[in-house]
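Below are two complexes that have chain A in common, paired first with chain B and then with chain C.
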Partner chain A sequence: MALDLLTGTREPTGAPRATGARARRVASGALRLASLLVAVAVGSFALVSASPVDPVQAYVGAEARSLSPEQLAQIEARWGLDEPPLTRFLAWAGNVVSGDLGRSQIYGEPVATVIADRFAASLSLMALAWLFSGVLGFGLGVLAGATRGRVVDRVLTWWAYTLASAPTFWVGLLLLYVFAVSLQWAPVCCAAPIGTLPGEASLLERLHHLILPAATLSVVGISPTLLHTRQATIEVMASDHVAFARAQGERRAGLVLHRVLRNAAGPALMLQFASVGELFGGSVLAEQVFTYPGLGEATTQAALRQDIPLLLGIAMFTAVLVFVGNALGDLAHRWADPRLREAVG
Partner chain B sequence: MSTVFAGDRPALRALASRRTRTLVALALALLVAAGIVVAGALASAPAAVTDLTERNLAPSWDHPFGTDRYGRDVLLRTLVGLRLSLVVGLVAAVLSGVIALVLTLLAVLGGRPAEAAVRWLVDLFLALPHLVLLILVAFALGGGTTAVIIAVGLTHWPRLTRVLTSIARETVRSDYVAIARALGRSRLEISRTHVAGHLVPHLLVGTVLLFPHAILHEAALSFLGLGVDPGLPAIGILLQESMRYLSEGHWWLAVLPGLGLLLVVKLVDRIGEDSRLLLDPRSAQL
Partner chain C sequence: MLRRPARPRRVARTLAALAVAVTLAAGCGGTVDERSDGGGSVPTELTLAVGGEPDDGFDPTLGWGRYGSPLFQSTLLKRAADLSLTHDLATDYRVSADGLTWTVDIRTDAVFSDGQPVTAEDVAYTFNTAAQQGGLTDVTALERATAVDQDTVEMRLVEPRSTFVNRLVSLGIVPEHAHSADYAQHPVGSGPFELVSWEKGQQMVVQRNDDYYGELPSFERLVFLFTDEDATLAAARAGQVDVASVPSAMATGSIAGMRLEAVPSIDNRGIAFPTVPDEGRTTEAGLPIGNDVTADLAIREAVSRAIDRQQLVDGVLEGFGSPATGPVDGTPWHEPAAAVDDADPDAAIALLEEAGWVDTDGDGVREKDGVRAEFTLLYPASDTLRQGLALSVVDMAKPVGISIRAEGVSWEEIDRRLHVDAVVFGWGSHDPTEMYNLYHSAQAGIELWNPGFYADATVDAHLDAALAARDEETANREWRAAQLDEHGGGFTGDHPWAWLVNLDHTYFVDECLDLGELQTEPHGHGWPITAGIQSWRWTC
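And now, the complex of A and B:
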């Protein structure tokens, strides 16, 4: 590798070959996504169908006694529950392919609408937390790696390991108690002041309601990025090119700025994008603590109140979300590390 | 390293003492974990005792963790909950460890198609956010304590399987396996004599390190109301109940049981890391 660099006998990467490779990558990615989505659809449908809970009973709840068996059978037939599972699956899958995810029973709206509305609320929460934890985790990780073995590093590493063992919802409850109940700096719940519709709240009000759930998510999300960045920084600091730069008289700040940052950025970016699934899991918990009306809260409600169409829709949607996160992570890694671009061709 | 073999006494002694220190720490951690399990079992009856004259008390000498709205001692309830966490974590980690082992054996012994199939299955289980997958499986099993244990146990194997299959693949590609194959050894023989030795320490350590994840996921499901039966004082349930009393300033209902869970998770993590230090020859000298 080093030889190649010195003698300049690196293979030229022709433009047509690069585009060909890119097209192949996109095609194989699309194929993978399709196969995973089909499997997720089959798997989650099988799972919810296996549930011993009777969806009709769950739907009518306490009114069950006032309904005759014929009426219950009518609901069952209306929902197609008297059909065998395979027929039901094919009907549902056919609708999904044509863009119809069915109707949510608890919200009384099409599943696609519920997911779109709820995800818009969750997206701002997740994006804010994602940025926070990414920037802080990366910065602190570089700091810890550059000061390896000193007090700063030890404190940061200990803190990161401890946070990694802390339950997300507990961190949320602590923040809720300290900042919302005791200090009253932030609201206790919801996405907007009580009595106003989310659409009417000003940007500042919404941010005010967002800050605690977002802080919960980012506090918990920091540790993997911090620990990985620390490791990457330590590795780069021990490399030959940093030793060379140091021998030339470059100081630590310069070393970190010029030699380490870019090398550590690739893995950190990839990790940060690949953590979208974890981030969503965290937002399910954070939204429960702060009663924030996002997709995470809808997930909990769908499972608690047996809203099968919504649950299936959320499963499909989050599968796409995780896939997109991983794909973006790959892209970002490739962008930050030119060596990967050449290795592929 | 060569100095160690050359009989460099101080280095040897340092190694020995480090090993001893790790062993002692491991034994202590295991003892504490066993203590929590025993204490939790002993506490289960008194934890349910209600005393309406001692309701909502802040932490004191009599009640270090305070009391809840029925005058039940929160420390006792926390102990019962921690025991439940450890038991759930143990069952789930063992279940996931066994699944990971079986799939790895399949991938190693079954050749290329089996390996591709296992990799695809791992990808599939990682395709959903873990919590969503857990919710789906718990839902399929109808909820309740058993459902949570099974759901947590059935969903924690993918990452471990990925690690184990990549180690197995690496070993299979090594020169001595190529020689063994050239000498006419069968796949089964090679797996048993050459691959298994590499896998066992990773399997053991990996399984222990699944523990903390399993514990946290059980608590998360219970917190959402999708986990253990609401009557049981699991940590997730305790924290869920505490939410209604936070605004009245009853901080101890949330802070202390959660802190207990954090400490138990760190304890189990420590057990995993220590056993890794002891079992993995490469990290033993770091």
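And now, the complex of A and C:
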């Protein structure tokens, strides 16, 4: 068809070739993931070992003043810190291979339990924030791109730059004071109403407690998605096939919906999936402001206080998540833009 | 070609619907459980945001309950509001003539929340376990605890140690039969409350233990919120908490329905001076020792007398504090006569002149034998309070001809330079062992104790005598003598430390809640307020 010729889109190649390619892709992906994990583990451990922070001092904190050197030596022995670093790393790696991530020093619980508990809380927060920022960022980006140079575009662009430069922590506090303290529309803290026991809170209550932290966290992701989508939209709007459609008499709304959306979605999807890592960073602050107990807080504690087993556990878990995020981003991009299927396959 | 965009449109529509649903949900879920304040009915539940969440759970043998109330467990002894000792699980205790054996009688009517009685075996088990565990409570003085009979425990110490009594005060007794690996998450004890649920990093719900042998608390349920400073203040402003611990810098506004309670504490701040000259000596770890300027008593005393402590309280602490007269203000072992006459620059100048510190070149800084009266005062850069104190001290010392350079550095750097430069430290404990550590010559250069290498035979003798004392009264007398004895000895006159201020810990408390008589709190703001939680009453 005419449009296919203009945009260079062709049908995907034959099935057998695609299957072979897919198997190869999966195998190389698994290999990359494994080497990534080893690199992350070795790198994190090396960095932590080189850090000047003394884990025992960090654990005892202000308590150091009242503990005798004998007591501090006891703590060191309980954590096995009296062994040389290489011995500790090898012992840890051996356990990990057999499926045991070790015990968190500061929480006194298995690392897997800590991560599972915390991630369960973080998941809904991050998922909602991710959805917010994706939908809003993309929608507004298309709107800005389609109305390029007009007031709507200028306001949106200005807003995006403001958000990009506003610290998450500050935005969180602002939202907290406006909506929770002054207007009292939203709760001031926690994942459930104050005083409720686990499992008592209804789904609505949970959502209600989720909304401010999620809004805060989504702020991190909106601007990049918005600005990139705007750029992509502008490019598509200037392309020949849009000119062709316009010449055929299609109006702005139809043009955007039928000719632009899918083309502009590529970069937005890529960005959105690649931003999983940034969500982690942002969730630390959002969780702190709203006392929302997630993985972010555990990560800060593990890093600040040199809880090596927990820190390594979280580092590897995050690496897997980011890797999966990027892989999904690739797939989604390919789905949105058939040209890429050809190029990679 | 028109078929293609159909799918994205459907996705977009679904997402839009979802967003609307979420927004609606937020709109109607908007009722937060609000107690009817002043509505006449007495609440059975309190919500507290006073921090204090332990990372590793509620196991006293690992350090839970060092401050304030262990809540779920009970201790052998307790400190009353005036910090004097009273009985709790123990009915009596005796120390042997050699000071090595402590015999404790325990009450027989106490039961754990699982119904089992509290026995001497449990007490012995608790102390022996705590002594061997690498936790945050230091029971290394204990050699062995044994149960003599059902209600008597004998504890043998490594050496005589009067301060061991503080372990009897702070160590909550755990049941031997239920002290399993997950005890810290599911504590069982004989305290006034039982744990209902603990959502880490968020909140903890506890309920009254109706089998408690002591005075029953008047509230059935307590909710502890583990919010950070900003969220705590927000929760207080939104009327959702009854007690909120806030840093004094944030305690300046007022909150409707709440009063501001400023609780005195021995959470103090003071300056440690190197007291020995720089003779090229180093510590075992290779750190340099000594400062030629602060090694001169006249300099240290002049600084201490030139400082206007009341002005520090008003200016830096916004009034939430008191001038410090020593390291242990407000405790039974404090010697009030040891206070320094301060805010007296003239006296400071006279001292310096007499000692030969004269400003010969007219630059405003005195010299002696070619050495300028000049030294560095370190403070942790992250601590704005200590920064404020350090800078104020610089201004107060300048008129008397002493030039101090205040320098904000990391703790790691302080650890390296604390024997050659003056440092602003913070201390304050219900355990006088701290005073021993700060002033005894044997503790010089160990941890952060006695960083200035102060050594005085009389002071050492008093401190040793206090530690070896067999009863509280003798011990307190010796602790006081270490500060200032009847012959004018004691560390006060040597000024190895210039104590500056004691902080007040600030709390917003519901106007209807009476907290009873409050203890002078130790270093650590927040949880210590729970020490008298059983006597809290609702007054509206």
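Here, the second predicted complex is superposed on the first by the 305 of 345 C-alpha atoms of A that agree within 3 Å, B and C clash if a C-alpha of one lies under 4 Å from a C-alpha of the other, contacts with A are read in each partner's own complex, and residues count from 1 in each chain.
Operating definition for what follows: a contact is a pair of C-beta atoms (placed from the backbone, for glycine too) under 8 Å apart; a residue touches a chain by one contact, two chains touch by 3 or more.
Source: prediction; values computed, not measured.
Trainee: Does chain B (first) or chain C (second) touch A:Ala247, or do both, or does neither?
Mentor: Once the two structures are laid over each other on A, A:Ala247 reaches no partner at all.
Trainee: Is A:Val48 in contact with chain B, with chain C, with both, or with neither (first, second, both, neither)?
Mentor: first
Trainee: Quick one: classify A:Val289 as touching chain B (first), chain C (second), both or neither.
Mentor: A:Val289 contacts both chain B and chain C.
Trainee: Based on the superposed arrangement, let me know which partner A:Val181 touches: chain B (first), chain C (second), both, or neither?
Mentor: both
Trainee: For A:Thr299 in the superposed arrangement: first (chain B), second (chain C), both or neither?
Mentor: Once the two structures are laid over each other on A, A:Thr299 reaches chain B alone.
Trainee: Check whether A:Leu173 is in contact with chain B, with chain C, with both or with neither, and answer first, second, both or neither.
Mentor: It touches chain B and chain C both.
Trainee: If you tally the residues of chain A touched by each partner, is the higher count for chain B or for chain C?
Mentor: The partner making contact with more of chain A's residues is C.
Trainee: For A:Glu70, select first, second, both or neither according to whether it touches chain B, chain C, the two together, or no partner.
Mentor: second
Trainee: Contacts for A:Arg78 in the overlay, against chain B (first) and chain C (second): which applies, first, second, both or neither?
Mentor: Only chain C; A:Arg78 stays clear of chain B.
Trainee: Contact-wise, after the overlay, does A:Ala319 reach chain B, chain C, both or neither (first, second, both, neither)?
Mentor: first
Trainee: Across the two complexes, what residues of chain A are contacted by chain B and by chain C?
Mentor: Shared contact residues on chain A: 52, 173, 176-177, 181, 188, 288-289.
Trainee: Which chain B residues qualify as touching chain A in the complex?
Mentor: Against chain A, the touching part of chain B is residues 120, 123-124, 126-132, 135-143, 212, 216, 219-220, 223-226, 235-236, 239, 242-243, 246-247, 249, 251, 254-255, 258, 261-262, 265-266, 269.
Trainee: Taking the complex as given, what residues does chain A use to touch chain C?
Mentor: 1, 3, 52, 59-60, 62-71, 73-79, 106-109, 117-118, 128, 131-132, 135, 139, 173, 176-177, 180-181, 184-195, 197-198, 202-205, 207-208, 211, 257-258, 261-262, 265, 287-294, 297-298, 301
Trainee: If you look only at chain C, which of its residues touch chain A in the complex?
Mentor: Within the complex, chain C contacts chain A at residues 1-2, 4-5, 8-9, 12, 15-16, 18-19, 22, 25-26, 28-30, 32-33, 45, 47, 55-57, 62-63, 66, 132-136, 138, 140, 184-185, 196-197, 199-203, 205, 221, 223, 225-228, 230-231, 234-235, 237-238, 240-241, 412, 427, 429, 431, 433-434, 437, 446-449, 523-524.
Trainee: If you look only at chain A, which of its residues touch chain B in the complex?
Mentor: Spelled out, the residues of chain A in touch with chain B are 32, 35-36, 39-40, 43-44, 46-48, 50-53, 161-162, 165-170, 173-174, 176-177, 181-182, 188, 276-278, 280-281, 284-285, 288-289, 299-300, 303-304, 311, 314-315, 318-319, 321-323.
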